[in-house]
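Each of the next two complexes has chain A plus one other chain: chain B in the first, chain C in the second.
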Partner chain A sequence: MSDTGAKPDNAEGKKTPAAKKKNNGPKYSGYDLDCFLSPQDVLRAVRELDQSGFFLEDISCLDIQEGLFLVYHFDRYEQPGRVGLRVLLDRNNPEIPSIFDIYPGAAWHERECFDFFGVRFTDHPNLIPLLLDPDYKGLPPLLKDEGDRQGLEQILPERDVSPVSVQSQELIQKIHDCSKTHDRTQS
Partner chain B sequence: MAQEDQDITFPFADTTVDAPPINQEPVQKIINICRAMSLWPITFGIACCAIEMMSFGMARFDSARFGAEVFRPSPRQADLMIVAGTISNKMAPLVTRLYEQMPAPRWVIAMGNCAISGGPFVFKNQYGIVEGVDQIIPVDIYLPGCPPRPEGLLEGLFQLQEKITGRRWWPTPDQAQIAKGK
Partner chain C sequence: MNLDLRLDTSGDFYAQKFQPTKRDDTLILNMGPQHPSTHGVLRILLEIDGEYIVRADPVLGYIHRMHEKMAEIMTYPQYLPNPSRTDYLHALAWGWAHVGAVERLMDIEVPERAEYIRVITCELNRISSHLLWWGAYLLDLGAFTPIMYAFDDRERIQDILQRITGSRLTYCYYRFGGVSHDIDQRFIEETKTQCARMKDRAKMFKDLVTDNFILRKRVEEIGEIPLDTCRKYGATGPVLRGSGLAYDTRRAEPYSVYDRFDYKIPTHDTCDAMGRYLVRMDEIQESIQIIEQALDSLPEGNFIHPKAPKRPKPPAGDVYFAVEGGRGKIGMHLVSDGGNKPYRLKLRAPGFSNLSLFSEIAQGTLIADAVSILGSLDLVIPEIDR
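== the complex of A and B ==
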């Protein structure tokens, strides 16, 4: 995300902090709330999203230098607001609680992440391969080679990647506030 | 990353068939003409080539006028398998099973690049597809295209009829009479 989205009066190349910040707003990134979580906080945050009326869009995974990077997307119908939760898992032990009890539709998304990346979802009712041949013996196919992985700075440059604690009311408040229009018109 | 030397092999289909009850040359020649003029395909549209196969069976490029009248859902009642689409590793044993369930004589048209050789999905370390359906069943006609046009599939049908009977029954495109407009 370079400063190609800068306003016209910055055409001569001045980068004001305000112009840089504008590139991270909802209109540009598609997220009204985009935060990092630690694996043990995911259930609590997802329960809160469920009570606020969000539905699950998808659960996807990425193999990056720092580990396995899970992304949950949520959205809702009645009010605007799209939420992305990002969780970084250790590659040697990629375990995370399954959100099947809250969103049953997560069952197949989690099976796909298990199938292609080897992420184990504890308490999943049926964690078997979804798309690959059941006789497939080998490493999960979408894991990347050592030299091919990118780092978080390349994928999400200039982002604060420390997990937001769900114990603090800050995250809960952000979930409730993410439909506020004064934040959403930022491009 | 998929393993370099992954060893997914599927058994080739069992192609043993009994001899025909009346095995005399003139009788077989006549019966072959009858068979070629009424090849009944299985509905085996797997991927995008299925769309072209559907339009091959519908009104404009009508396959019924050349004998491929009904697409049978059951392999027991069909004699032509048009493999239209990409065969994934998960699907491969089922393709073999369906082929073995077809009563002899039976023919296979590999339609589209995926059925011929894996098509656009072949890359180093690919993990998901069988690179060409001739790795698991014997193929009679190869039909390139991604997807081949319905006219291409019709031409494949004509070539199969030529293979069965020994002669071509329909004019080739360069010989076809083009109706001259006013």
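== the complex of A and C ==
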């Protein structure tokens, strides 16, 4: 028993570095600008996006070992280019300011995250269940079991996950210049 | 005797949340979940002053099936039939978004012929989707005959697609790296015949319905959506193009072989229900253009890559893949941890964002006009509820 139990472990240990070498990620991930923010910087970044003419595509959330991981997707009509804003929240206190005041369309996306992950958006005008039954009493359904959770390193290998500061002029310039960098058909 | 109806009906959870209001001469009314004009189980809470809407709030979730959870517990091929169950009217586009996301993450090559077949079938499906919207919208507005004409054409398209895909509505045709069956000469000929027929029918549709005085009274200057409102709510598809902006995922974020075809992105800058109506009618013609060009230049080759993985195991990482569906931008955010199931699959439904602006534009309109506005958004509730 102990033999068979040890083998997959070893195999996995060998596989990881090899997989890492091979894995340079996809040619184009669909993101033209992808940045990690700290929760208190989100409003400022979203305001910047609003002024640059972006619209909100959706708000996605992930349950990982480090906590709840929100991903805001923005795109632009006139000068297409997708921006992903990634924010890591504390699992025990998943709170983040609502962006409803800037994008009223975010109200439903935020309610969906509240439904499925229990993320609380402060200053949301109407944070009640959207898709789930209001009488549902269980845990948010998309939260994973303790053992199934993966860490950031497993999901986004070799990525710099330290939050960038919104104060920096560099980021604001990047947001402003963001445009589609890759044409799938030309590759 | 208590004549205030609001005090007699406390209502359910959502009705109670909707109650607080400063006015005492209004009435709270439920429209749906089984109202014929909501096309599926959509409920809208209305506060009305006579015939006028003071506030409106859609209540969703009546056919929520947790497609995102299903993605996490099924392997990639097991999930293939699922996306077409979300938006059953433009099922192929949803299937494409799914296989496209996996192909992007794994860098799977799709043979040229397969890309052409995808374009042809997806555009055929777009036409049938717009036809059903056309018939059903006019049904909402009180015209019964047009849906019969729409179904005549729709059935022919479904017959064509059925021979190739094996189903009539919830297609599961695209595979990772191609499609499940090749198209044959009969498909090509039938499609050409149908395209020619649709061009003729367009004139009849215009004479019979589009130029009709009664229809114009119901849709012109109704439900005006300014461009900035579209942006604030993330509206895409014909709703956005009916407000005058030529934004189309096929052009803005080119995927597959769409950049090889010559087609226009129809827009109308009236911002009203008529604008959205005309955009969809024009789009049927543009889709025919694309299909005809694709059929003329259809390359030989494989319909699926010979080395395409049957049981994909994408590397860890995340991708976003978007396609243009009949209702707007369909997006899939796929996160993989290297296993044979997605770690997370987030579905962006265009109808979800399009419907969310309804509360704002319905304010101050007549109930009858709200029906017209709802229809002009082209809602497919299973897609919104997922």
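The definition used in the following text is that the second predicted complex is superposed on the first by the 152 of 187 C-alpha atoms of A that agree within 3 Å, B and C clash if a C-alpha of one lies under 4 Å from a C-alpha of the other, contacts with A are read in each partner's own complex, and residues count from 1 in each chain.
The rule is simple: a residue touches a chain if its C-beta (ideal position, glycine included) is under 8 Å from a C-beta of that chain, and two chains touch if they have at least 3 such contacts.
Computed from a predicted model, the values in this text were never measured in an experiment.
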Partner, of chain C and chain B, that touches more residues belonging to chain A: C
Contacts of A:48 with chain B and chain C, given as first, second, both or neither: neither
Which of chain B and chain C A:141 touches, first, second, both or neither: both
First, second, both or neither for A:101, with chain B first and chain C second: neither
Touching partner for A:66 - first (chain B), second (chain C), both, neither: neither
Contacts of A:130 with chain B and chain C, given as first, second, both or neither: second
Doubly contacted chain A residues - partners chain C and chain B: 131-135, 141
Touching residues on chain A, where the partner in the complex is chain B: 131-139, 141, 143-145
Chain A-touching residues of chain C, taken from the complex the two chains share: 13-14, 17, 60-61, 64, 66, 68-69, 72, 104-107, 230-235, 240, 245, 247, 252-257, 259-260, 315-322, 329, 331, 333, 335-338, 343-344, 346, 348, 352-353, 356-357, 360, 385-386
Chain C-facing residues of chain A, complex: 19, 22-23, 25-31, 53, 55-58, 60-62, 71, 73, 75, 77, 80, 82, 84, 103-105, 107-108, 116, 126, 128-135, 141-142, 150, 154-157, 180, 183-185
Complex contacts: residues of chain B adjacent to chain A: 1-3, 6-8, 88-90, 92, 125, 127-128
